[in-house]
Amino acid sequence: MKSAPDKVTTLKNAVSSLVPDGCHLSIGGFTINRNPMAAVYEIIRQRKKDLHLYAHSNGQGVDELIGAGCVKRLEIAYAGSGRFAPTCVRFRKAIESGQLKVEDYSNYQMTLRFMAGAMGVPFLPTRSGLGTDIIKKWGFSEELRQAETKIPEQKLVTINNPFGSWGEAPKLVLVPAINPDVTIIHVQQADKRGTARIQGLTFADVEQAKACRHLIITCEELVTEEFLRKEPDRNQIPFINVDAVIHIPWGAYPTACFRHYDYDPVYLNDYRIAAGDESRYQTYLKEKIFDIKDHQELIKQTASEHLKDLIANPETGYANGLERGGE
Amino acid sequence: MKSAPDKVTTLKNAVSSLVPDGCHLSIGGFTINRNPMAAVYEIIRQRKKDLHLYAHSNGQGVDELIGAGCVKRLEIAYAGSGRFAPTCVRFRKAIESGQLKVEDYSNYQMTLRFMAGAMGVPFLPTRSGLGTDIIKKWGFSEELRQAETKIPEQKLVTINNPFGSWGEAPKLVLVPAINPDVTIIHVQQADKRGTARIQGLTFADVEQAKACRHLIITCEELVTEEFLRKEPDRNQIPFINVDAVIHIPWGAYPTACFRHYDYDPVYLNDYRIAAGDESRYQTYLKEKIFDIKDHQELIKQTASEHLKDLIANPETGYANGLERGGE
Amino acid sequence: MADKDNQDYSSKEMMAIAAAREVKNGDIVFCGTGISMLAAMAAKNINAPLSTIFFETGAIDAKLEELPLAVADSRVMYGTAVNGGLAEAFATMQNRFTGSRVVGILGAAQIDIYGNLNSTAIGDYQQPDVRFSGSGGACDVASFVNRTIIFMQHEKRKFVKKLDYFTSPGWIDGPSGRQKTGLGPGGPEAVITNLGILRFDQTSRKMYLAACYPGITPEKIQQETGFAIDLSRAVEFSPPTIKELKILRERCDPQGLILN
Amino acid sequence: MADKDNQDYSSKEMMAIAAAREVKNGDIVFCGTGISMLAAMAAKNINAPLSTIFFETGAIDAKLEELPLAVADSRVMYGTAVNGGLAEAFATMQNRFTGSRVVGILGAAQIDIYGNLNSTAIGDYQQPDVRFSGSGGACDVASFVNRTIIFMQHEKRKFVKKLDYFTSPGWIDGPSGRQKTGLGPGGPEAVITNLGILRFDQTSRKMYLAACYPGITPEKIQQETGFAIDLSRAVEFSPPTIKELKILRERCDPQGLILN
């Protein structure tokens, strides 16, 4: 499958075949940028259940998956959507009400965990977290960790430096690798075989893409292999890692996609307000996700005038002067 | 110094101030590509001594530093210059005659060692090397390792996986970090503050650049900050890591520089032949290095017709149809 | 927007300027969103022109022509020296050569007398009364870099004897706390609140009051602090100058996205 | 250039084609310079069009319009899917999902009956009689990937009972060797020499003779091998076809840089 010369498919197909209930999932992006939102909405639409979700700081996408009840367990560093929701609202509610099991790490620890998975080693070392409750307090119980083969038996392990004083680090925290069953990322450009180019910051998308068993890529532009191969220095993900490619313009909306469009402050503020109230949130789910056929329809529903304001300035990569207040 | 807005200097200055006798040095490039040869020749010209050199597979530059007697100890994965010298000749002679102490690692181990240095951890884990003499046989004695504070006490350490069966790796080899006193790399483009862009493969240059205490960058083109910042996705090294920037066109010659020029098969074949014979090698050192003022003069001495043949095709990045036989 | 002539300033402005003054020229400044980003931008435009702002998302020395609303905002990606990823950004802080030049600006929900921080949860961790975003990069920064500056709202329930959850290390439990724990020598340098500036005693590593904002008494600050602090060294803090306020308002946040 | 009609072929050509036939469609092929690169190119152009050639230097699926003379040759950087670095290349092999699809093509100075390799030194390691280049990526590839194919010149001093230096792991010391050592389950699959093809017994993991090139006897091969091998399973190897030779000569090495 990964050696197939053409991996273009529909999002419906990719999600139904590669994202089974209960699978271990990670998504790309960071807070309000380049989250694979079209895929997130499709997962919600297909009413996927019991997902085990890995995230560093993928705010909006993570919160929507939690809000829709798709997520059973979460390993995460940070659940916020920048100034739009310093703490993601559905995340907060799900934890405070005991509906969601969460395991806390730091951003670097999560990044290293994906990197370890990508590198094919069981752990990587860092000095981050020594002395803190991130090491001492476990969100997942020892029993759960014993019972679940897809979760390491220990949250973290602290060791003395086997090289003595080398590197001026007497103790190290070892963080266990993550190898998600499936990872979904949204990129600016991909070809039909799956080679992909991210523009702007890559966050931890490349590490995630290489750590997972199956990789789904959604892209703003489906381009030719020849085009991407003219400047291979700018590509980060080779086709050998990719299972499915889906062409979805505005696929990160309402989060931003550098050089294509900005985040939608109206949508994100409306979302936060809806998220705070149970009945408003059910209305949100119905109107913006369940009653909508696909992402294209969501984009169509959003007034085109409004979308125009979000289109990125070709030089800066964002929408200069966009009205971003209104909290 | 690293926050200075203008770090442009001469190679003479940079080498005399940042490369003292006995220092721990690493150079960029790989076999016959993008070695910082202008800097290598300047180090030889300044008759630097007792260098402790780190290399993964930086063939030509390493062999010339060894041949000129600058190197006391070497940690390396591979000393070859591709088809021009499957084993570097001066390297081979220096070891067989007992003049050079060498410690062997694999290419990935050396890459991880630089990466560990760049990441600020004392080691990184890998499965590479289990069961081999790379682990069992030490080139540097325990006594040397005890005595020298700049060398770790152990060559490598093998541990059991603290996460049990997680990651399907029961044992791991831990490789110790390298933090060179100084690293020298040659890049295609840099600005005066030191932000740099490598075109084509980066080898382990970025890891080396971030692992070292002092970084010297030589560049084919000295460009404006504005130019590099129009496409920051294509830059790899930020100015915060850089100490000195030197503009040297043909600075990797006689090795290749992607998109600028190819390696010089005539020079490299002549070099191998000279390297095989003591008196011819002394003549080579005199004529090509000691009697030559600087790299510009070396380039001038090489017939311009000959150099023209090496200029890269703008599309492919190398010199199509270059005569490369003549062994 | 509230009327603000040059003599008039908000406590947010006071805090941003106070933090900006802590940044030295040549520092590499790690910051998050909101007031910490404003402080970093103000420092670069006022007292530390050779400082470099960088974000955990991987952006180094962004132009910041508009104020980002998240560290992943596309506004941090424009005109940078290098656009990398999280792995590179955190390695820059853990790296011994670059990390020692980094000053990190953090915020938290709770702080203790040694500058340890909680940004995870209030109440029981398993089912908390209030859940916050979690560490993000805060624990990493606090573990790695040489100096941190911490923003806090000065309230008794936030300056606590014992953290409900220990997210990010300060001086741990005193002068040898970090060393015993295996961390590097750096740690919190200043706590900047809406009432004044607190620092850490060189010997005991305990928080003490270093300065009160104009009109705020040391006693008021002690009242709002959940543990006893040394008030004897407190001076009155110099208010923001006309120039500082002008740059903060006109260059850093002309749309009033944070200041208003 | 020696005269080569279609019935005539050199032992280098035979070796390149024999190795090419080992590559399966869809394989990710790791190779070095010289004949191993030719074999990979031949496979992609003959029997495994969906195979992907990649180099330890970080180039993935290069166009290879001209034959590279080193794995760092600029010719491996043109028209690739991604230009990365060593870190990414080796991680691709250590990674459990991609590594299991990699076939590595290696060479060495010495090999033992279990396919362990020496590419470092002959004689005493500290002051060797002959020093070679060292592991390079060979130990990494041999440690990580699922299958390796090894090129050897068939001489008694190269097929040895005991390696002078153990650079790269094969089957270690038998059927449970890799497992005991902590390595993954993959290992050497075939040794391709200038005389024939050797494989490893599924049970003992010892090398046996699988095929002789036309005109070569099993006895000749045993004579050139420094340890006893099972000859009973040897068949005669099918020589290169006209098509194979044509592609190898005209597409892969038209300048005769390796073949001549």
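To keep things simple, chains are lettered A, B, C and D as they appear, and every chain counts its residues starting from 1.
By definition in this document, a residue touches a chain if its C-beta (ideal position, glycine included) is under 8 Å from a C-beta of that chain, and two chains touch if they have at least 3 such contacts.
Just so it is clear, the structure is predicted and the values come from calculations on it, not from any experiment.
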Chain pair with the higher count of C-beta pairs in contact (B-C, B-D): B-D
Chain A and chain C: spacing of chain centres that average the CA atoms, whole Å: 27
Chain centre separation in whole Å, for chain D relative to chain A (CA means): 40
Residues of chain A whose C-beta touches two or more other chains: 120-121, 126-127, 168-169, 172, 200, 233
Touching two or more other chains - residues of chain C: 77, 79, 83, 94, 96, 144
Overall pattern in which the protein chains touch one another (line/ring/star/complete/other): other
Chain pairs that touch, as defined at the top of this document: A-B, A-C, A-D, B-C, B-D
Chain D residues within the chain B interface of the complex: 33-34, 56-59, 65-66, 68-79, 83-87, 90, 94, 96, 120-121, 125-140, 143-144, 163, 165-169, 172, 177-178, 181-184, 255-258, 260
Contacting residues of chain D [partner chain A, same complex]: 25-26, 28, 50-52, 60-61, 63, 77, 79-83, 91-99, 101, 144
Chain A residues touching chain C - in the complex, by the definition given at the top: 29-34, 56-57, 59, 76-84, 86-88, 91-92, 95-96, 98, 104-109, 111-112, 115, 126-134, 136-137, 139, 168-172, 200-207, 256, 258-259, 262-263, 312, 316-318, 320-321, 324-325
Chain B residues within the chain C interface of the complex: 2-5, 118-121, 179, 193, 195, 210, 212-213, 228-229, 232-233, 235-241
Touching residues on chain A, where the partner in the complex is chain B: 116, 120-127, 152-154, 157, 159, 161-164, 166-169, 172, 174, 176-177, 199-200, 233-234
